[in-house]
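Next, two complexes with chain A in common: one pairs it with chain B, the other with chain C.
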Partner chain A sequence: MSATLNKGIGVLKEIIDAPIASFFSSCVHCGLCAEACLFYTETGDPKYTPIHKLEPLRRVYQQEYTLTGRLTKMLGLSKPVTDDELDAWQPLVYDSCTLCGRCSLVCPVGNDIVYMVRKLREGMAISGHAPDGLVEAAGRSVEIGSPMGVRLPAVKAQMKHVLEDTGIEIPLDVTGAEYMVLMSSMEIISFPEYLAAIARIMKQAKKSWTLCSDAFEATNSGIQIGVSDIARVLVQRIVDGAEKLKVKTVISPECGHAYTALRWEGPNLIGRPYTFDVLHILEVLDGFYDQGLLKISGFEEARLTFHDPCQLVRRGGVLEEPRKLLKLVANNYVEMSDPGKMNWCCGGGGGVSAIDEAENLRLVAFKTKKSQLEATGAKTLVTACANCRIVLEEGLEHYKMNVHVTGLTEMIADHLATAEINSREMP
Partner chain B sequence: MNEVLFLTWVRGMGLNIAIGIFVLGTLLRLLEIYTLGRKPDLATPRHRAGASGLHTVFRRSLPPPGMFKKSPASYVAGYVFHIGLFIVVLLSAQHIKLIQSLTGVWWPNLPAQFIDAATVVTLAAMVLVLVERINKPVKRFLSTFEDYAAWMLTFLPVLTGYLATHHLLLPYTAMLALHIISVELLLVFLPFTKLMHVFTLWGSRWYNGDVNAKKGVAV
Partner chain C sequence: MDHETLGERLREQGISRRAFLKFCAAMASIMALPPGTANAIADAMSKATRPSVIWLSFQECTGCTESLTRSYTPTLESLIFDMISLDYHHTLQAASGFAAEKSRIDAMRNFYGKYLLVVDGSIPLHDGGIYSTIAGRTNLDLLQEAAKGAAAIIAVGTCASFGGIPNAKPNPTGAVSVSDIIKDKPVVNISGCPPIPAVITGVLAHYLTFGALPELDDLGRPRSFYGETIHDRCYRRPFYDQGKFAKTFDDEGARNGWCLFELGCKGPTTHNACATTKWNGGTSFPIESGHGCLGCSEPHFWDAGSFYSALSMPASALSLSTDAAIAGAAIGVGVSIANRFKKRAAKSVHVTATIADLEKQHE
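Presenting the complex of A and B:
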């Protein structure tokens, strides 16, 4: 057994807990989880059945933690997990799983399958069986500070653009601000509208906020690839920034994984609760509206629909806010099939969009979203995750569909009531 | 050994061994699983009505939105044979008498004709479940020897019970002995196969419901 494989198996042994043991003991091989997975429903290939993706983990559990498994192992009758097998499982554990978690909602015996895939990735990554695209992104996150290699000067350049466009100075490293705003690389590179939207919303709400030069990136490749050590470093960076600036609330951007990483996994990664709150931007906007701090005027006339980002809604618990906010600004809103927590993934979450080899499969999986979208007849697709947005845009482009994709925060910012805020001229 | 001696053995020593393995095996498996424990969740929970481990224990007995039409046969046959087994095992006069003789506890039984009908329906549903397992690509792909063995271990007691009651195929004594030994085999293997889900699915549902409830998602 190679040293890395040994380490990987060691990690798998460590992560197996009572829930995982209970889940494997309960599975009756009914295969219903396949019906919840868009990689199966779009390809019809049984190998994409979610529970099958966990086979190496199941065998480690069985051989290490059950009496019968230990006996068969002692007698040399069990099949050990090998490097070749883990290699063969890489496309199942990474390329064809977006950690969307839909399978966990349908299993009749109640197995939380995505919980186990996330854990299996820990052993896969340590034993050297994670896809190159994700390994590189995680490396850049640790060394440079962002998975896409974005550095502070790029953020500063964007701050300057926002100042030119809106006349609003973006606060940086302001100690004692109420909110610390994070962004995803995607928003810094591809969707500069986000920062401008935040600036205008905060100005209208008269709230103090800041960016942090040590912690502006919210995404967490450590979570996607499955290396808790990396995930911990990235979360710690944000915690240090927030505590140094003594902010009350850290705002997670329109990025699904950033939110689950920071809000739900973060405290467990660093081993203590935070001294500040973490809210998704949509939760903040919803709170502003309830307090009368978000004044809206005018409606979007186009027929539009909403794509629920898995990590924000099903895996994150931000369920009502997106629709509440959308209905403030849209009077021709149509619901997609399976809305809310039963949504279908865009096909590119969980790091899949960063895996080159997964591209063709991802576009096949996109057909689910395509047909859902066609059924609504919407010409505008609103979402609240920059990664979903990129993946949706690529899918729409590939299938030559004429649908405009936008972020909900931006759409809200476009409908702010105050004339002064909406003015794009220099003061 | 003639059939009367065989019947005596399966009713005496055989039953004791089977119940012993079943009870000890189940306890061992439950300890093996649940003493592994889990780490506390340090994230501040979000609360939402309807989201909890206990909610999921009950809610997951119904097909989640959109799932029934994806695999109607799985759901219908699944419900029918589980409910059928419950009726046949726990509400037939003979079984209640046996339980009463072992424990002193008893409850009213259903009429024999009703139990008969339930047995036939259960057998039919189980055959359908097997056909599905063989015909549906996903189920066939996932299936191992254990899946077919577990099916057989569950099917035989129901079948032999019916045959014994109606004095079919073999003399009553022989068929009754086969019925009892098929139940004993089921008891012996239950803790060590997927049949263990009888006990663990409640914990699995609870964990799933609990983990997601902390995020405010009712699953």
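Presenting the complex of A and C:
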């Protein structure tokens, strides 16, 4: 089996549904979505207008599913979508779309544009027009278990480090635990602080939790590249793990698309409801605080601001929780411009950070975040997504900005009241 | 009536050269001609032979004639009547019966090809046009006869221009406009219910001065008077631009003279000179008196929804013939069934994608 144009077009015919038909029919070509897209606002190039990125999908819809389109196709007045055309669209559908969903939010007729980009990627991938970086990541996810090639021994090494640092044993494969904690490979490799933070918070809250040796990876390359069949395999692993350990709640880590994939797309992918709940770590922490399980002491005095991960605010509704939590530990918290659901993307979501060819464009798009950040005057940037975090760090490095980036969960863990838990030995 | 030149006629009437020049200047300005044209008008008009005018009244209310006679510049407007030789006009002529009809027939014969034909009122066509007859002859018959020898036709009022109120739904008499019937003569439409008197005189002055009809818009109306909308020139326009609207006829906004758009003013879609020329000798015009424009100089103004609903409201429910609806629904169902099959076919050939499916074979 290999990718072909025919298969790709077949997939597009398959994924075109009532919402897509109504979206294309109701588009009034106002162009407002352009102003909502940071790739357009930073480059001024009209090809980055979100609805324009969907042109191949629109043409397939028109030629296959509308009366006039069928007639013009029959009479040879409209040309079918070609491989060259899809190839030309690859940078528009992948490199310059982070699936941030800002366009969907501003569309005056309510067209969910990002939903359509996600669907168009199905056909792009199956016709062989997905970027190599994403194809490779998807391959590692399926074959190794993680897009970055992380295997269980690496996780076990992390667990050992946490034990040394905090004195807390990380539970693995504990049947009947209340929470099953997932991580993104980025957290396993680059931000080990996350696992330590979880361990300390769970200890203070006296909650039972576990990692799962079959399903520790939360990210879903299938969603990013846009192949539901692969996304389903990856979701199924987590579902199987959680159901085997009979946990009540699976905690999505500080990762935007992992949360979207598992909580919102997952049940539709596997075709049934879960037997457990899925919550983002910030929702869990907020719940702990409300139940009096989170005792905080001390404040961050530095001026800090928060970067809303797109998948959490626009696609997931986690809007108030980070602000409530930040105010517990920060004395000098300032909002960025366009906070919450209208926040601007870091430029690396939707798999863009894994596409090598997109790097230059991504750094151009980062200028939006840069100017937002400069306007706040903050020296610490807090976020709740490991992918945002790495993209932000790279952008700040490129523009030589002296801003420290950290995760909100870690920041909360650093302010836990219990002295015993707080006495972390620095390596 | 003799047909001496206008200049001689005026001197006979004791009208001073000064008063005449003032009239010409006023006409030049009202028709938006360059200021220097006033002298040209005076020159041309004083030399002009008074043309014979035959005025025919059909299905009408005499409001147009009333408008003309109630004009508040009597010396000048009566002067207009001295500019032309009005050889036949129901309401204004002294003669009646056979004598009246004879003067019409004489004028048509003596000035064949030269006289101006003025028409007010619409022409009924249903049932052989029997709904309006004069001296036993239908309006249609009289119009076709008089039009033959006319140099040009001036349709005065909305009825003659566009059918007007007689043409309103359900139009029992089959009323139509002059230009619906006469296709081989130049027709000027001076619409309005009634039209502004100065516009009637202005068109006549233009014809006398230049020997031709003024430039017309797509509805056959002189551009100099109908080129802009009431809204374009309305003194309440600044309130519209600021979004300040009267909501009822006696609220604070109405008292402050705010825009009457929401009370149904048709000014934005009505082309006429009311807002600049005004009525009753320049006293005011409907909007200045606190009522919205009815849009009387536009075709079908009577059927364009309530006078009191805003222009942004639809005039009538969308009507669609049952056949078209059924045909549309059938095509819709057909396409949707075809689409369902196509989608099902696409689904049925779906093979679960694996990593291998993402690599393109390069030959």
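In this text, the second predicted complex is superposed on the first by the 421 of 427 C-alpha atoms of A that agree within 3 Å, B and C clash if a C-alpha of one lies under 4 Å from a C-alpha of the other, contacts with A are read in each partner's own complex, and residues count from 1 in each chain.
Note that a residue touches a chain if its C-beta (ideal position, glycine included) is under 8 Å from a C-beta of that chain, and two chains touch if they have at least 3 such contacts.
No experiment lies behind these values; they were computed from the predicted model shown.
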{"item": "Superposition on chain A - do chain B and chain C clash or fit", "value": "clash"}
{"item": "Partner chain in contact with A:225 - chain B first, chain C second, else both or neither", "value": "second"}
{"item": "First, second, both or neither for A:315, with chain B first and chain C second", "value": "first"}
{"item": "Chain B versus chain C as contact partner of A:192, first or second or both or neither", "value": "neither"}
{"item": "Dominant toucher of chain A (residue count), chain B or chain C", "value": "B"}
{"item": "Partner chain(s) touched by A:18 [first = chain B, second = chain C, both, neither]", "value": "first"}
{"item": "Touched partner set for A:130, first chain B, second chain C, both or neither", "value": "second"}
{"item": "First (chain B), second (chain C), both or neither touched by A:287", "value": "neither"}
{"item": "Which of chain B and chain C A:149 touches, first, second, both or neither", "value": "neither"}
{"item": "First, second, both or neither for A:32, with chain B first and chain C second", "value": "first"}
{"item": "Touched partner set for A:167, first chain B, second chain C, both or neither", "value": "neither"}
{"item": "Region of chain C that runs into chain B when the structures are aligned on their shared chain, from 129-137, 309-317 or 345-353", "value": "309-317"}
{"item": "Overlapping contact positions on chain A, where the chain C interface meets the chain B interface", "value": "16, 65-67"}
{"item": "Parts of chain C lying in touch with chain A, wherever the complex brings them together", "value": "331, 335, 338-339, 342-343, 346-347, 349-361"}
{"item": "Residues of chain A touching chain B in the complex", "value": "16-23, 25-32, 34-36, 40, 44, 46-47, 49, 51-52, 65-68, 104-112, 115, 263-268, 271-274, 277, 314-317, 319, 338, 341-342"}
{"item": "Residues of chain A that touch chain C when the two form their complex", "value": "1-4, 7, 10-11, 13-14, 16, 64-67, 70, 125-130, 135, 138-139, 142-143, 225, 227, 229-230"}
{"item": "Of all residues in chain B, those that touch chain A in their complex", "value": "28-29, 32-39, 41-44, 46, 48, 56-57, 60, 63-67, 70-71, 74, 78, 136-144, 147, 192, 194, 196-197, 200-201, 203-209, 211-212, 214-219"}
